[in-house]
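Next up: some structures, all given as C-alpha cells.
Below, subunit A partners subunit B and then partners subunit C, in two separate complexes.
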Partner chain A sequence: MGPQREVKMFFRVALLVLRKDFAIEAKSREILTTTLLFAVSCVLVFAFALVKEGEAPPDAAPAILWIAIMFSGTLALGRTFERERYGETLRALLLAPAPRPALYVGKLLGIVLLLGVAELVLVPLVAFFFGAPFFVQPVLMALLLVAGTVGFAAVGTLFAAMLMRVRTRDVLLPILLYPITVPVIIAGVRGTAALLASPPDEVTATMWLAIVVAFDVVFVTLSLWTFEVLMTE
Partner chain B sequence: MTDDFESVRLTDVSRHFGRRRALSRLSLTIGAGDILGLLGPNGAGKSTLLGVLATLVRPNTGDVTFGDRPARGWGAPLRQRIGLLAHELHLYAELTARQNLTFFAELYGLNAADAVQAALERAALVDRADDEVAGFSRGMRQRLALERALLHRPRLVLLDEPFTGLDDRSVGAVADRVRQLASSGAIVVLATHDLDLADGLVTRVALMREGRMLLDEPAPEGLRARYRATIGQ
Partner chain C sequence: MKKIFTPLVIATAVLFAAALVLIARVPPESTMGLVQKIFYFHVPSWIGMYAGIAVCAVASISYLVTGRPAADRLATSGAELTVLFGLVGLVTGPLWARKAWGVWWQWDARLTIALLLWLIFVAYLVVRKYGGPGAEKLAAAVALFGTAVSPFVYMSVNIWRTVHPLTSVMPQLPKSAPEMVPPMAASAFAFLLLFGVLLIARIELGRRQAAVDELYLAHEEGAA
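Up next, the complex of A and B:
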C-alpha cells in the first residue's frame, strides 16, 4: 500500500470512529449533557463562592475557566471509554484491520469536539460571572483554548483507553492525568491571564501558546507511537 | 487482502496474568476445514486461548504461527482474516442493527450496502434492522453478533459460546452456518460448555483444564462420556 493510501485509510478510520461516537451521542446525549452540567455547576460554585457584591477577585477568571475545562474533560473521558467497555467493543475495534493509532485519533477528535462544545458555553459564562474580557483578543484566545484542549485530551484519551480494564479506573484516571497535564493547565491559565491584562499582553500569551503547542506535538506523537503496544493485552 | 493461511499452530504457548497462569505450555495445530471444539470447565483458559488466536492477547512465551508466518509478522492483513464472536458480543447497544453492521463493514473496508443486507438476512433481522440493539433479546443479539463477526468472510473463525440465548431453530441455523464455513475452507474454533450441541458438530476436540491441554483428538463418539472420563463430572 502506498503512503498516500495509508494516510487516506488512517483518516478514513479515524473519521469512522468519530462518526460512530457522534451517532451514539446524538441518540443518548448522555456525555454531552453530563459534561455541560458539570462544567456549568463548577463555574456556578466558584461564582457563588468568590463573587462578592458583584465584584470578582482579580485574575480568578482564567483559573476557573481552565479548572472547569479540566474537570468536565475528565468526566467526559471516563464516560466515552465506559461506552466501549459495555460490549467490550474496544476489542472489536482493535481486531479490525485498521491502523490502531487511527482508532486513538478518532477517539481524540470526539473528546476535543465535545470539550469544544463545553467551552462554547463555559467562556461566555465565566466572562459573565467574573467580568472577564475573553473576546478582546478572540483569535489568540481561541488558539489557546484549542491547543490546551488538544493537549489535555491527547493524554487523557491514551490513559482512559489504557485504564479501561482496570477496576479502579475512575480513581486512577485523574491521579495519572492531572500531574502530566499540569503544564497545559499552567500555560493555559497564564496565557489567558496575559490576554485579559489591560492592555492585553500578546507577546506573553503567544509564548504560553507556543509551550502548549509543543506539549501537544510531543504527547500526540508519543500517544500515536505507544497506543498499539499499550492496547495489546 | 493477503494470501490465506492453511493452518494455525501454537507451540508451547503460556500466558499468565499476574500470578494466575491462564495458559500453560499449550501446543495445538488447527487446519482449514476443521471445527475444533474447545471444551473445559470455567477458568480452563478457553477465552484466553481465543484471545491469543485473535492476536488480542500476547503470549508470555511460545509461538503462534498463521501458515508459515509468526503472528507478529502479519499485522493488519492478519486481522482482516480473523472473525471473533466473543461472549460480550461486541455490539453498540445504542445503535441499530444496521448501524452496527455498517460501521464494522466500513471499518473492514467492505462494500457496506451489500454486506450489511446479506448479514441482516442471514441473521433473520431484516424487519428489525432499524431498531436499537438495546431492545433486542439475547438470542437476537447473538445472531447479529455472529453475522458481525463473519461480515468480512474470515479465514479463522473464533466462536465463544455461540449458542448462548438461541432458541432451537436458531441453534440449528448457527450449527449449519458453522458447518458451511468449515466446508468452505475456514478454520473454526468453537469454545462451549454445551457438550450436547458440540457433539456431532465439531470435527476435533481439545479438552482444557487450568490452562493445560488434556486432550486433542478427532471428535469421539459420545463426547460427554469422553469429557467425563478426562475432566471428571
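Up next, the complex of A and C:
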C-alpha cells in the first residue's frame, strides 16, 4: 500500500469507529444524558460546598467548571468502554485488519465530541449560576476548552481502553488519570481565571493554552504509539 | 550480582554509621538549630526517589519495546523504591516545615511536584497489585506516562506556586556552609548505596518468585 492510501485508510477507519459510536449514542442517548446530569450534579455539589452567604468565593467558577468536566469525562470514558466490553465489540475491532492507532483516534474523537456537547451545556450553566463572564474572550476560552478536553481525553481514552480487561477498572481509571492530567487542570483553571479577570489577561491565558497544546501533542503521540503495544495480547 | 552484594551491604552500613557521626558532630545551624539536621536525611531520600523513577522509567520503556520479564522486574523494583524513599522524604519534610515555616504543609511547587510524582508511582504499584493478568504492560504504560508528564507537572506547578528553599542552596553549600558538606555527602552516598542494596535484593526476590512460579506450573503440568 502506498503511503497516501495508508493515510486515507487510517482516517477512514477512525471516522468509521466514530460513526459507529455516534450511531449507537444517537439511538439510546444514554451516555450523553447521564454525563450531562452528572455534570450538573457536580456543579450543584460544589456550589453548596463553596457558596457562603449567597456569594461564591473568587475564582470558584473556573475551578467548578474544570472539575465538572474532568469528573463527568471520567464517567463518560468508563461508560463508553463498558459498552465495548459488554458487547465484546472492541475485541472484534482489534481483530479487524485495520491500523490499531486509527481505532484509538476514532474512540478519542468520540469522547472529545461527547465532552464538547457536555461543555456546551456546562459553560453557560456555570456562567449563569456564578455570574462568570466566560464569553468576554470567546475564542481564547473555546481554544482552552478544546485543548484541555483533548489532553484529558487523550490520556483517558488510552487508560480506559487498557483497563477494559481489568476487574477493578472503575476505580483504577481516576486513580491513574488524575495525577497524570494535573497539568491540564492547573492550566485550564488558571487560564480560565486569567480570562475572567477584569480586564482579561490574554497573555497569561495564551501561555497556559500553549502549555496545554504542548501536552496534547506529547500525549496524543505517546498514546498512538503505546495503544498498539498495549492492546496486543 | 551475589558477589558484590555482601560487600555492598557492609559498605552501606559503614557509610551510614559514618554519616551519623558526621551529622552529630556538625555544629547546629545558627538560625534553625537542631531541626536543620533533618535535611541530611531529607535531601538524600529525594535523591533516592528520583533514582527510583529513573530506573522504573527506563526499565518500563525497555519492557514495552522488548517484552523481557527481567525489564519488568527491574521496573517494579524501581517503583517500589520510589515509593519507599519518597515516603521518607514526605515524612521528614513536614517535620522540618512545622518548625521552620510553622505549618506542616505548603502548596509550594517543589512539594506539590514531589507529591504528584510519588502518587503516580503509588498508582503504578496499585495497578500491579489489583490489575490482574496483563497488569505488567498497563503498569509500564503508567510509568511511561508518569515520566513523560513530569516536565509538564514541573512547569505548570512552578508557575502555579513557589516557597521551598531553592535547590540551588545545594551547589552553594561548599561556600556558604563548608562544615555541612561532609555529612551531606556521606548521607547522600549512604542513601544511594542503600538504594543499590535494596534494588539488587528486590530484583533477586523477583527472579526467585518467577522461578518458583515456573516450577509450580511445571509440577502441575506433570501431575495432570
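The criterion applied here is as follows: the second predicted complex is superposed on the first by the 230 of 233 C-alpha atoms of A that agree within 3 Å, B and C clash if a C-alpha of one lies under 4 Å from a C-alpha of the other, contacts with A are read in each partner's own complex, and residues count from 1 in each chain.
Criterion: a contact is a pair of C-beta atoms (placed from the backbone, for glycine too) under 8 Å apart; a residue touches a chain by one contact, two chains touch by 3 or more.
All of these numbers come straight from a predicted model, not from anything done at the bench.
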item	value
Touching partner for A:222 - first (subunit B), second (subunit C), both, neither	second
Partner chain(s) touched by A:175 [first = subunit B, second = subunit C, both, neither]	second
Touched partner set for A:96, first subunit B, second subunit C, both or neither	first
First (subunit B), second (subunit C), both or neither touched by A:163	second
First (subunit B), second (subunit C), both or neither touched by A:155	second
Partner chain in contact with A:24 - subunit B first, subunit C second, else both or neither	first
Subunit A residues touched by each partner, larger count belonging to subunit B or subunit C	C
Footprint overlap on subunit A, where subunit B in one structure and subunit C in the other make contact	233
Subunit C to subunit A touching residues, read off their complex	64, 116, 119-120, 123, 126-127, 130-135, 137-138, 141-142, 144-146, 148-149, 152-153, 155-157, 159-160
Complex interface listing, subunit A residues touching subunit B	9, 13, 16, 20, 23-24, 27-28, 83, 86-89, 91-99, 232-233
Residue numbers on subunit B that touch subunit A, as the complex places them	51, 54-58, 76-77, 79-80, 82, 84, 86, 88-95, 99, 103-104, 106-109, 132, 148
Subunit C-touching residues of subunit A, taken from the complex the two chains share	155, 158-159, 162-163, 165-168, 172, 175-176, 179-180, 182-183, 186-187, 190, 207, 211, 214-215, 218-219, 222, 226, 229-230, 233
